[in-house]
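In what comes next, chain A is part of two complexes: it sits with chain B in the first one and with chain C in the second one.
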Partner chain A sequence: MLKRLYHSSSHIGSNTIINNNLIESKIFNNAIKLIPKYGFSKNCINESIKNLKYSDSLQSIISWQSDKSYEFQLMLYFLKQKRQELENFTKNTKVEGVDEYEKLSKLIKYRLSLNSPIINELSQGMSQLILPYNLNESIDELYNLSDDLAFYSGDKSHSFDWYAKRFTIGSIYVKSELFMLNDTSENFENTQEFVDKKIDEFKMLSDTYNNIEQWAIFNGISLINLIKSQLIRG
Partner chain B sequence: MSKQYFIRQFSSSIRNYSSAKLNSSQIQYGPLSKAQQAFLDRIIRVDQAGELGANYIYMGQYFVLSSKYPHLKPVLKHMWDQEIHHHNTFNRLQVEKRVRPSLLTPLWKLGAIGMGMGTALISKEAAMACTVAVETVIGNHYNQQLRILMNQYNVDLINKETGEKVEKDDLESVKLNTSPELAELKNNISTFRDEELEHLDTAIEHDAEKAVPYILLTEGIKLICKGAIWSAERV
Partner chain C sequence: MFQQSIKGSVGKSLKPIVALRFNSSKVTPPPPQPPNSHNDTTHFGFKTVNKQDKEKLVGGVFSSVASNYDLMNDVMSAGIHRLWKHHFIKKLNAGKRPNSVEPLEFLDVAGGTGDIAFGLLANAEENFGDYESKMTIADINPDMLKEGELRYKKSKWSDSDRVEFLVQNGETMNKIPDNSKDVYTIAFGIRNFTNIQAGLNTAYRVLKPGGIFACLEFSQIDNPVLDYAYQAYSFSILPLMGQLIANDRDSYQYLVESIRKFPKQEEFKKMIEKAGFYVPEPGYENLTFGVAAIHIGIKI
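Up next is the complex of A and B:
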């Protein structure tokens, strides 16, 4: 659990999310562009290899990487790539806000906006994440995202609230993403409103230390059930 | 082989000829290995928890003893202030280096304040014996960490301009061998270790050894501290 490591400031390259020089990164990066056409599928990866004029045998590179299905690997790579884009965003833009919560809300909205090119295929990708044998890696990646969101928004907690915060941010993110799947408003305005509302609740509750703990525990239980019911409906 | 040998000789003689030693702005430190990162992660988590414990132990002692024994007030306050500084330093590092704090932090707070107040309520000598035990364990622990940081943190240095590996002799100063990040950490740990050992001396000067039963008290507390360190590194 929680396998995130010490972040170094002097030792460049200790904490890279994605190494774009690797051949499999090139295949995945190109495949993500093809998702609107082929979906989160094995075929999408094959088409990407063809498209790059690589030899068909390179498919095996992907299966050497892990014993997971191509579909799941593509989804996981997509999540890491977007997390990398979020990191680049925070390096190039100063995220303004009166407090941590306002910054957090902006960061979540930015991350969600990266879903829009593939919004019609997203539920297909997400259903890969909640398969029981994929759940561990999915939760690790969700935790990485919440930790990034907490850090970029300026979190400075040292105690149990550190855990409660990451947990709550993760669940707000997932709920907002599920909301986005069915949102037909222009520029996903309704989703943005939804994020603001959830962050307001979070801010109100975290004024009391005990409440945030209880709230996080309650949310944890209902979250997995919520994801399942939403994906079946959607 | 001979050809390569000549190339190497040649390039190193050019290097010596130009004799421009590299300064800090010209070099870059290579990445840390996963194992090196994992150890730093643990160091910061356990030291943060340890200094939190020390901070709360002195808080408990101060609360009980400062009004009863006015002459101890400045002594305790001085040590407590140093612990607050140690604790704040690791809090800052935990946030900056994005280290997960110990999940048991609420428990450390309770335990430490209980240990501080509890021993102080027995007697002022028992409180000092508690300090002896805690500082002995922490001092040793810091020494172990320093040994590993000295010996197992060699990374490649890269010339920013050429992208080539830099040899140690080409550096302006041997100090550049260690990144500012690790130098700062080692510096903090060794300063703190020295201060912990001062606390140990202070406690002995204030009759820690007269506490009854001294051995039982100190050995018991040492065991508790070692158990706490073991858990805080992991959980």
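Up next is the complex of A and C:
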């Protein structure tokens, strides 16, 4: 099976993150509703299959698709589902903002708000993500999220800052999520403030980067011209 | 090309070995009748035989290998078939979960010696404390089934009523009602069906909605270099080992030929879908570069 190595926004439907019609998606979607009750545990999946009136034989579909633990699979599915919700959000609502940083800040806040129903259990799920043998897939998913965040905030970069941006967005997201775990303020206002602050720093950093880049190019060209003029004078 | 040259060289080296053949007391399959028309024929290894004869011929093969079956498998695959079966059972990870009400109904087809059946029961007990689910072991061949029963009598399930043995043709399963089973497993058996599609359709019939079909079978290696080595091994060494250990060359010649004739992974996946199953991603899993593969299907 060939894995698609590129992403195109012009192929509609070819990049759906999850397909809700599949039987395994139904099991996971229902299991996620049970997380507040059972935490990120096997019980969510067991109960989900039971609630959907399926036979226990369907458990095999979960063990078939991945060798990873049920807990990790549940967390990974949760992340994918929320990324899908983020995509749906950008399709249905126009994200307003003066520049891409303001849009980015809004998108990150929206994505974080999707964590709120299970915020008390989230640390359990996140601990699954950082287990060494799960790290590969977790980082893939984080990269996908920061790529989506960059794309929907209107990022048009095509040089080295393409990578730098995605790396920075990923780290801002993780920092904010960790901040959110300990945030007790109403509507997670402190987290929102935290995101704004981090995005401002990011903006300042990229402004600084641009200024230095301009300064360096200007001086470089001046230097070449200086040498040229000296050569002509002989 | 590869096949041809291997066949050629094997054919040449075959004759002196066959001439050396010990006088065997085993039942060897009778020579097939010449095929009468194209529509009524199927393959038996590389030979073309009448459809009604294949069942008898396969029966002959397995009757003659039954007593040495496991020993031969161990020798030929260097024990790897045990790893495959173990992995197969782990992948299914089937069993009644502690909070569920209804025990599962397992059906292991072509499960003569009971490897998969007992493995599944043991896995369900270890992982989920499931001491209730029932197992039906079906095989078309009474000799193979007897081997399983002998082993069953020595197992810890022998004094319970959880295991049942049935002589059944996998293509019809006339003693098994519709929608009655939760898990249908078949390991290294479906290759020998006269009509594989009919076998898959029957699997679909006997499974309950939500039931799972799982098949472990020899398959094809994609990598041409590895495939060349594998073909050389299986066509020259395997029948020879069959002759030396089980004193039965023809049966093992049939085994390797039937492996070669079995549909490729993608093709077999399509057949499973054609029977009505939903095949979840990834459609199949290759074991040892594709020497064997696991396929599953869900009846929705």
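We adopt the following convention: the second predicted complex is superposed on the first by the 198 of 234 C-alpha atoms of A that agree within 3 Å, B and C clash if a C-alpha of one lies under 4 Å from a C-alpha of the other, contacts with A are read in each partner's own complex, and residues count from 1 in each chain.
Everything that follows uses one rule, which is that a residue touches a chain if its C-beta (ideal position, glycine included) is under 8 Å from a C-beta of that chain, and two chains touch if they have at least 3 such contacts.
What you are looking at is a predicted structure, and each value in this text was computed from that prediction instead of being measured.
Contacts of A:Asp147 after superposition on the shared chain: chain B is touched, whereas chain C is not. Once the two complexes are laid over each other on the shared chain, residue contacts for A:Leu114 go to neither chain B nor chain C. In the superposed pair of complexes, A:Leu34 makes contact with neither chain B nor chain C. In the superposition on chain A, A:Leu22 makes contact with chain C only, not with chain B. Once chain A of one complex is fitted onto chain A of the other, the partner contacts of A:His158 are limited to chain B, with no touch recorded for chain C.
Interface of chain C with chain A (complex): residues 90-100, 102, 104, 182-183, 208, 210-212, 214, 278, 280-283, 296, 298, 300.
Considering their complex, residues 1, 22-24, 43, 46-47, 49-50, 54-61, 63-65 of chain A touch chain C.
Chain A contributes residues 2, 4-14, 147, 151, 155-160, 162-163 to its touches with chain B in the complex. Put simply, chain B touches chain A in their complex at residues 28-32, 34, 37-38, 40-41, 44, 48, 91, 94-101, 103, 105-106, 109, 155, 179-182.
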